[in-house]
Amino acid sequence: MTPVRITYRECCRQAIREAILTDPRVFLMGEDVGRYGGCYAVTKGLLEELGEDRIRDTPLSESAFVGAGIGAAMAGMRPIVEIMTCNFSLLALDQILNNAATIPHMSGGQFAVPLVIRMATGAGRQLAAQHSHSLEGWYAHIPGIKVLAPATLEDARHMLKAALADPNPVLIFEHMVLYNMEGELDPTIEAVDIASAKVRRRGQDITLVTYGGSLFKTLDAAAALAQDGIEAEVIDLRSLRPLDVATVVASVAKTRRVVIVDEGWKSGSISAEIGMRIVEEAFFELDAPIGRVCSAEVPMPYAAHLEQAALPQPATIAAAARSLVGPA
Amino acid sequence: MTKVHLDHAHNLHLLKEMIRIRRFEEKCFELYQAQKIRGFLHLYDGEEAVSVGIMQALAPQDAVVATYREHGQAIARGIPMTALMAEMYGRREGCCRGRGGSMHIFDRERRFYGGNAIVGGGLPLAVGVALGDRMQERGSLTACFFGEGAVDEGEFHESLNLANLWRLPVLFACENNLYAMGMRLERAEAEPDIHKKAECYRIPSEVVDGMDVVAVEAAARRAVDSIRAGNGPYFLECRTYRFRAHSMFDAQLYRPKDEIEEWKRKGPIVRFQGWLSENALLHADELERIEVEVAAEVDAAVAFAESGTPEPVEELERFVLMDAVPA
Amino acid sequence: MSAFVMPSLGADMEAGTLVEWLKRPGDRVERGDVVAVVDTQKGAIEIEIFEAGVLDRILVQPGEKVPVGTAMATLRSNGAAQEPEPAPPQPPPEAPPEPERPPPEPPPEVPPPEVPPEITPPPEQPPVEVPEPEAKGGVRVRISPAARRRAAALSLDLARLRGTGPEGAVTLADIEAAAVARVSAPPSGRAPGVGFDPAAMRRAIAAAMARSKREIPHYYLTQTVDLRRALTWLEAANRDRPPTERLLPAALFVKATARALRKVPELNGFWEKDAFRPGAGIHIGWAIALRGGGLIAPAIHDADRKSLAELMAALRDLVQRARTGGLKSSELTDPTITVTSLGERGAETVIGIIYPPQVAIVGFGRIVEHPWAVDGALAVRPVVSLSLAADHRASDGHRGGLLLAEIERLLQKPEAL
């Protein structure tokens, strides 16, 4: 099979299309997914091809259509709910936390909620404070749901299928700067799991742990570090809940140094959780303090230079790594 | 033409169902004060006609979504008192293994989708269940119960709009008992005529005397017929009153005692029982037999709960994540 | 006779104050009758009774605050006569004394509830000075967890270390460097680089050997091995080699031991946390005596897979680097077993002390000519005394014996090594 050149956006689109064509229980609903073709053009053309029953435009009612997704899932469907961005998901937080995450346990196992919610996330396009959040770490705090962050083309193409097969509510966070990313889809990968972290670059001097939109900045930082003879091992978490701590710990046991890169605000972020897990499970492997590169604790500003200064960058990631490798 | 078939058997059935709910709630009231039931307890005394009347119009394949004041719906839907009482005792034998308590009754077999502690939280769920049922062509409808307080939450408006936009088979049953916890209707609603809000979404609606079980059943049958004919959702504003406080720990500073007494005099059981007696449709020994049977049923439920067992602590994390969708 | 108690009206209600009795002793009550008014943090609430009967005796007076569950009155069943006045019950501590029937006047004086004595916090104490074990002169050592653990394993004195990590922290690399410098210091005692003295090495060896004897239950096995075939083969093999590449018996000893460990893997690994952890490979630690005293046993990695020529080269290389201070830290930490061979000037038998956390040490004595029984007749053969000292927690004599038997067997077929 020859490799295919494809965008991350197209991978998402093909995943949705394939799911709907192969399983009559699957349908997609959300704002502007139909006639508009999707805020990020992910679902362009799908309404025409698949029909109004399977691609449903909803009114601006996050709480109602997320709750409806939950109810439909409880009644036997496999809905994909698209919340335009994670910024709007706050309006549906009650449904996600108090219903989706809670009903299976609270009902004593009588009802499952096999629901997938997809959201765009992240910053970098000067969309300002109310449109630039990274809340996947927040959601990863909640027991009863799964939280995914596909960064690669293969994950964008195949994670949805695994998420739909999972009997639990699964939230998929697609970083908006990745939609345009183009590359070759590995044809040998036909399915992926939604629980493991993957080593994207091998190295023995320091571990860089990250996920989602920050992956490529981290790989760029690793390339820069290699120029200075520092070989970084880059881990793509892929799943934020559950966290594959074992993969991280195995890497830290080898490199003994780690920096966590997370686009959320530093305080109480998922980077804090990962750091603590490393302390709990690999304390005696550490040869240096654990480092973090996160977003500055500010509402994301509009001006380009301010926004870029607030976000993790390859330069700041590399600098954090260098400071831990020590004045050699 | 929707008619309620008031033969002798049905009359006794309606009366007994309301008495079952009332006696169960009275027992809960007592047990809570004896610290057997804990947490929050919201009793249904006075509202029995709403649940009982509406349930007559539902079929087993239909779904029910209710609120934290859901004992009436649960009992009228057929969930055994034993399972309910054991649930409130926090026992593994409860309908939810003791996980939910009074506010979170679920029953898969009877399509009872909770018990919800968030006011308005069940409405989107009900819309979704109806959507899922319709997409799978089950021919069923979803009865969604909520209080008049819920009409102030955004979810109410979002859900009604979406339900009628997509012509979903939802019976929106508003139990207007005049008080949202301590907030009297007129102090919270710019438009206190609740059913008019449904009209804004072009949903056919009715105001029903919620203290008259026959009127409720008749209205419910009209609603259900309309929904099953494919006309989309229907809205019933059932005007009723709760005789007890909002929950157990409530000094009821917000309403006068004589108002409560006045409503008690025209309560659903008093009215129906009185009407039956006046019209010689009920014999004294039949009533006594009902009371004896209900008392025994309630006692058995308490005994079942008393002898229940706690869920082992080792199972605490079970069902946080499901291994499979239950068949 | 039953009791009417202060009910629980809410999860956070702990007590209630009786405001008013709405029924009197002697009144008949039905289930559901309101009998009293209780004041709570939320306001006054009427409370009901759930039994039918006759109110008998009032136990709590208006104005009294009592915890939930306290009996406030007694109830006797319909038809029962009033019970005679019982003896005044033992008052509970802190409760007011049981009054006689009070006149219908103001309620009796309710003594204030006993307030527990004010708990004063202990006076501010200066923080206790806990001396840092490694610190000399009260200075804390900035050291990473991994480095600290490794230093403990090597019995290194932290106080004398300088760190090269972030903000001068001591890192693993610093520890490894210190360990190597310690063992390869020239006997003159001048400190190269890191600043230590040769006596420290002696102390380190002393500490390690003492710990080994203290903690490891050694058992010992010996065997005498006929080396005639091995030496004959060696002579032939060396005929075609330049002197610098000549194979020594040591290479055969290492290879035979390494291959034999494949059959007895429980002697190849570590004893950690009450369990045996097998080594990931067979890395023979080769004991090297250093000039001026001192011993080091760096690893020959994957000795079972190296050819004899490779092993010989590795042995030469290790000895040279050990004496000049060029060993790598992984060579010091990786041995899964140690082999000690006394060579031509040693005693006939050497029985070693296990280097923890390893679980065995194999010893080869000097090769000597001994009388030997061959087909029932007396002969003279070159033999070597082969010994095993092993950790009895990880293996038994039977398994140890298998190792020695296998080494002996392999040494009879040198061409296959």
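As written, the chain order gives the labels A, B and C, with residue 1 at the start of each chain.
Note that contacts are C-beta pairs under 8 Å (C-beta built on N, C-alpha and C of every residue); 3 or more make two chains touch, one makes a residue touch a chain.
These numbers were taken from a predicted model, which means no experiment stands behind them.
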item: Per-chain CA centroid nearest to the all-protein CA mean; value: A
item: Two chains joined by the most C-beta pairs in contact, as defined above; value: A-B
item: Where subunit A and subunit C are represented by their mean Cα positions, the distance between them in whole Å; value: 38
item: Distance between chain centroids, defined by C-alpha means - subunit B, subunit C (Å); value: 58
item: Centre-to-centre distance between subunit B and subunit A (centres being mean Cα positions), rounded to whole Å; value: 41
item: Subunit A residues touching subunit C - in the complex, by the definition given at the top; value: 256, 283-289, 323-324, 326-328
item: Subunit C - residues contacting subunit B, complex; value: 5, 7-13, 32, 40, 42-45, 47-48, 50, 68-69
item: Footprint of subunit C on subunit B - complex, ascending; value: 26, 29-30, 32-35, 38-40, 247-253
item: Contact set on subunit B toward subunit A in their complex; value: 63, 65, 94-100, 104, 106-108, 113-114, 116-118, 121, 123-133, 135-136, 142, 154-155, 158-159, 161-162, 165-166, 318-326
item: Residues of subunit A touching subunit B in the complex; value: 25, 27, 53, 56, 58-59, 61, 63-77, 79, 94-95, 98-99, 103-112, 114, 143-144, 146, 167-168
